[in-house]
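The chains carry the letters A, B, C and D, assigned in the order they are written, with residues numbered from 1 in each.
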Amino acid sequence: MIKAGIIGATGYAGGELVRLLANHKEAEIVWYGSRSYIDRKYYEVYRNMFRIVEDVCRDDNLMELAEEADVIFTATPQGFLAGILTEEILEKVKIIDLSADYRIKDVAVYEKWYGIEHKSPRFIREAVYGLCEVNRGLITENTRLVANPGCYTTCSILTAYPLVKEGLIDPDSLIVDAKSGTSGAGRGAKVPNLFCEVNENIKAYGVAGHRHTPEIEEQLGYAGNCRCTISFTPHLMPMNRGILVTEYANLNRKEDGTLPSYEEIQAVYERYYGGERFIRLQEKGVCPETKWVEGSNYVDIGFAIDARTGRIIMMGALDNLVKGAAGQAVQNMNLLFGLKESEGLELVPCFP
Amino acid sequence: MIKAGIIGATGYAGGELVRLLANHKEAEIVWYGSRSYIDRKYYEVYRNMFRIVEDVCRDDNLMELAEEADVIFTATPQGFLAGILTEEILEKVKIIDLSADYRIKDVAVYEKWYGIEHKSPRFIREAVYGLCEVNRGLITENTRLVANPGCYTTCSILTAYPLVKEGLIDPDSLIVDAKSGTSGAGRGAKVPNLFCEVNENIKAYGVAGHRHTPEIEEQLGYAGNCRCTISFTPHLMPMNRGILVTEYANLNRKEDGTLPSYEEIQAVYERYYGGERFIRLQEKGVCPETKWVEGSNYVDIGFAIDARTGRIIMMGALDNLVKGAAGQAVQNMNLLFGLKESEGLELVPCFP
Amino acid sequence: MIKAGIIGATGYAGGELVRLLANHKEAEIVWYGSRSYIDRKYYEVYRNMFRIVEDVCRDDNLMELAEEADVIFTATPQGFLAGILTEEILEKVKIIDLSADYRIKDVAVYEKWYGIEHKSPRFIREAVYGLCEVNRGLITENTRLVANPGCYTTCSILTAYPLVKEGLIDPDSLIVDAKSGTSGAGRGAKVPNLFCEVNENIKAYGVAGHRHTPEIEEQLGYAGNCRCTISFTPHLMPMNRGILVTEYANLNRKEDGTLPSYEEIQAVYERYYGGERFIRLQEKGVCPETKWVEGSNYVDIGFAIDARTGRIIMMGALDNLVKGAAGQAVQNMNLLFGLKESEGLELVPCFP
Amino acid sequence: MIKAGIIGATGYAGGELVRLLANHKEAEIVWYGSRSYIDRKYYEVYRNMFRIVEDVCRDDNLMELAEEADVIFTATPQGFLAGILTEEILEKVKIIDLSADYRIKDVAVYEKWYGIEHKSPRFIREAVYGLCEVNRGLITENTRLVANPGCYTTCSILTAYPLVKEGLIDPDSLIVDAKSGTSGAGRGAKVPNLFCEVNENIKAYGVAGHRHTPEIEEQLGYAGNCRCTISFTPHLMPMNRGILVTEYANLNRKEDGTLPSYEEIQAVYERYYGGERFIRLQEKGVCPETKWVEGSNYVDIGFAIDARTGRIIMMGALDNLVKGAAGQAVQNMNLLFGLKESEGLELVPCFP
């Protein structure tokens, strides 16, 4: 039985980790870390867990936790893990970090977009970017530190990845218009996240400057072996869960000057994702809907070709708390410990 | 492996049965009955099931299905099952009926409230009212026909049952003010169920005449060994899932003229439900919330005593599609086949 | 032109006052009081008011404001106005208080339910309870202080008032099950009011102890010339605006032992409310819906008689920010200044 | 007093016309046309209008109505008006058509995108495209037929119009990612519009083929004096009202090779829209939100420059039933009859 600790167990992503691990056959939670609720019963914070979790919340002492756990999930604010991670800790325990601290390889880019100094850049190189479908081979029993991708980025990257990698689209023409449920904004008590402010309302935010932009650019750059500069615009949606990305890109024409056909593009997607347990390529003409993946670890991907403009419109949908956070973290844990990749993640989406 | 057939598999309750049985280790679905979608892939109707269910929808031929299945779930309109059920079918297959056809023992009451003639009253006596926590002993491998309780009734009855049975409240003073998510209204394309009609709106309906009233009265009457006439008012809520009942009743005073204390009432609830897997008695001062049970088979129950008025206010919450329909049906199936009662129902509520 | 000042202009009720007064022909706002946003443009707080209101927010100096204004609306926390009101202020300006400070005539009751000491009980007697349809005659150009009723209370009282006053129901049997949109909880940044906590969720709160209870009891007691002890249970709804109350009461039987008929009850309602501009008695069989009054100053009232139980079920719906707060406050202002009672309130409900 | 008739008065756009005209000082409705509800009281269809509208619904006899009315609003399905419009009718009455029948000047384009034959192309040239801020000069007392723009198109065009007209962006690079509340889908009883299908869900639809595309292209083509081929992707949002468009375009570089500055772009917007009553140019850094315009005739427009990609991201928000349909229709009526353009439209947005 894998002993798992969670730092930040009372945020929404932390809560989802608890939900998923409660049904995981090979792991158990030994530490519910929550600085705000120390010594309070976990179920008092999330009463859906009443009669399911009896533990009390503990503080965020990573060193002590490293003695007790085999793996630590850090669902913490930017900079937290970078500020306390040490070689000593990594010798004792594997870490799956749900924050952005080790996602971006170029520390200058990190510091510029996040506006904070990176306190432990020495671990950046070691950290594996835990996008399982792309980097599965790097996430092994030898891996010590996984940078778990964010919700927007997981969805944005996976939706375009095969086409960038195969050179079918111009990466610099890529525009990602993303829509996210409000759980992505966290459980902090702020006026803009109040029910009456979000309900019956939609808005863009972080326009031309959202922090997830360089993460997408870096990963797609690796895929296409190029530099890639994109537009990424997130929007806040009046719903709890779910991200939908609508991505626009110019299709590269074939040698004969024609656009690739629907079937040609489909074949590429199929080649990359056809065997993936958690990616569902939609049938022709079907547009992904966030509701169809709710509560599950699926990413649904579809696309349409607009011959008039020479563009492809790609669409991806996932549950931001599952594949966009806790589900992917568990998927990474499964890989780290040599378990079946889908263990604990055989979740059937809930509708309605 | 139990072979299960579903008639009405493309309604919301039918869809939830599919979701639950997909994770049930001892049962598999052999028949997705849906008159409206015959020969269409099931996942075309509910795309959350894409890549999970490959079957096509079939018609509602109960006789043919009886040959193939061990158990049939009928999630069908009132009168459907009563109109076609025969002894021959019951000799071949167990039936769990999610409609109201066999819930009410007094056929005259049924015909009055439902406004239709009952076509097979001869099976009413045999049918067991499948409220597992109350009638568990009657749901056995010898049982052929289970009348699966409705969503409002399950919640309304379980919330008051111990107090009625123990004579702690006056049954005729009972007022049930119930609030239900819109999935309870089904998937029929009707203007009142359109998004723009339900969203940002609440209303009562069926006031002083809703069909679930006699079902609650009958069952509480059995509990209290009395006739019981209640007020039941359902309300439509702008949310997908969940029922909350707020029940008001006059407390019977003790011999010394005082009201029973919170702890005395709590002890009674504890005695009846303390060992129940799917009933969670809330801690003092905690009011059940529908979100805390969403997606699970739990019923959360809490109460407060109002000494000023001599009333008790009881509250119960469940997910209308799970414990209020499909989950309870699976629970009944488990009992019918001697399985672990919670098999396939170890669902952790999803929050947010 | 009446000069109006608002203390607490950046709460939801204050914001609604601004919206309503913006279209009022005889009044203008001269003071947008908001301690939290002093010197900031009002439209920066509520960007719906961009290009409509150019003023900046000012502090809550009641004395200074009294020099500038003809009427002051206080949309402030309990105890605020009671703590600073003086005879000197009341000599200069009329005050319409949207808090509960002067609603309850018995100061001991106020202090018990609100848990704070009343700092200026000497003004309680003078304050008129501003439920216009009941106390219209007392709200005149000579009135200096109006206690504007709360949202729950306005709806609860008006729905039952004629029947209590005419002795048609037993006041002590009255049960008020109330459901409110989340704007009633205010704009404070608290976790329970976050979108993800409220959305797709319903709950009761303040069960058997909500502060609005004694206000309803006191007013219905005046109506029925009796003491009246009721049950009042509020519920939080996943919508922005609207209150629906469902009220249950035992009908008093007539001398011949029969229940009053629907038409007899209707005639009583008609007698009291038939001429009221803002009360719409629904047709037989029609249940009020909150959406039908949204954005307007209407109260919609309907009822059904349950002959089986001898009870009447009354239903009332209003917009908690309009008739339940700012709209009624403007209605009171109109009465105080001898204007047409509906001036600025001829709002057509918005659907959908 | 202008006599107005509405054909299609019981759809959502028709209902909004009724709401707006109820407060219009110079117009009154003389005909509530609704084929589905003939002879039924209008308020039985929309109970928000109870006690406000006493009329009954009538059929859609345009010829008869032309005798009674000064202006007819047709809020009808595509092809309806084109199928019955005659010179005789236009000689008697002005028509403001809320359908797409006369919006597109090239009849071949109309027939291709709408898939129906145009029955009266002879009136297309005469019809004025009623985008008031652009074509105000053409909407006069001599105009007989106005093609009222659609909701998506009004928002899409106005947001980009000045920049296209001034040649600041490359029209062919324009991508419009649009998000609409569900009232835009109408009141038809269809499964995809049910509450449980829309709530907690988002999706794109009509990808690379939505009918509003050529309308936007045509109008922007007139503005830029060019052919213009764009990508337009609509999305369905779980809210009642509101459209937000997020538009991406490549900025044309200036002669010195630099991008235009924020202030330069702002100055252009200011020049076109600075004096417009219903367009609110947002302050720098403020992104429009649909909630800020709800219930009003405003269009809120903001933008950001992304120097990294050389793109501008423009955002526009409006209420699809007001400025996107009924409000703009009333604005057109005001122009047609020489009234103050904002008469009946001085609506303060409702928040929350």
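One rule holds in what follows: contacts are C-beta pairs under 8 Å (C-beta built on N, C-alpha and C of every residue); 3 or more make two chains touch, one makes a residue touch a chain.
These figures come from a predicted structure and were not determined experimentally.
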Centroid comparison with chain C (C-alpha atoms), farthest chain: A
Pair joined by the larger number of C-beta contacts - A-B, B-C: B-C
Gap in Å, rounded to a whole number, between the CA centres of chain C and chain B: 38
Separation of mean Cα positions, chain C and chain A [Å, integer]: 46
Distance between the centres, which are taken as Cα means, of chain B and chain A, whole angstrom: 37
Multi-partner residues of chain A (each touching 2 or more other chains): 12, 183, 196-197, 199-200, 238-241, 289, 291, 294, 352
Contact footprint of chain A on chain D as seen in their complex: 172, 175, 177, 179, 181, 196-197, 199-205, 207-209, 229-231, 233, 235, 237-242, 244, 246, 248, 287-291, 294, 304-306, 308-309, 311, 313, 315, 352
Touching residues (chain side chain B, partner chain A) in the complex: 12, 15, 19, 22-23, 46-52, 183, 200, 240-241, 280, 282, 286, 289, 291-296, 300, 346, 348-352
Chain C to chain A touching residues, read off their complex: 12, 182-183, 187, 189-191, 193-200, 238-240
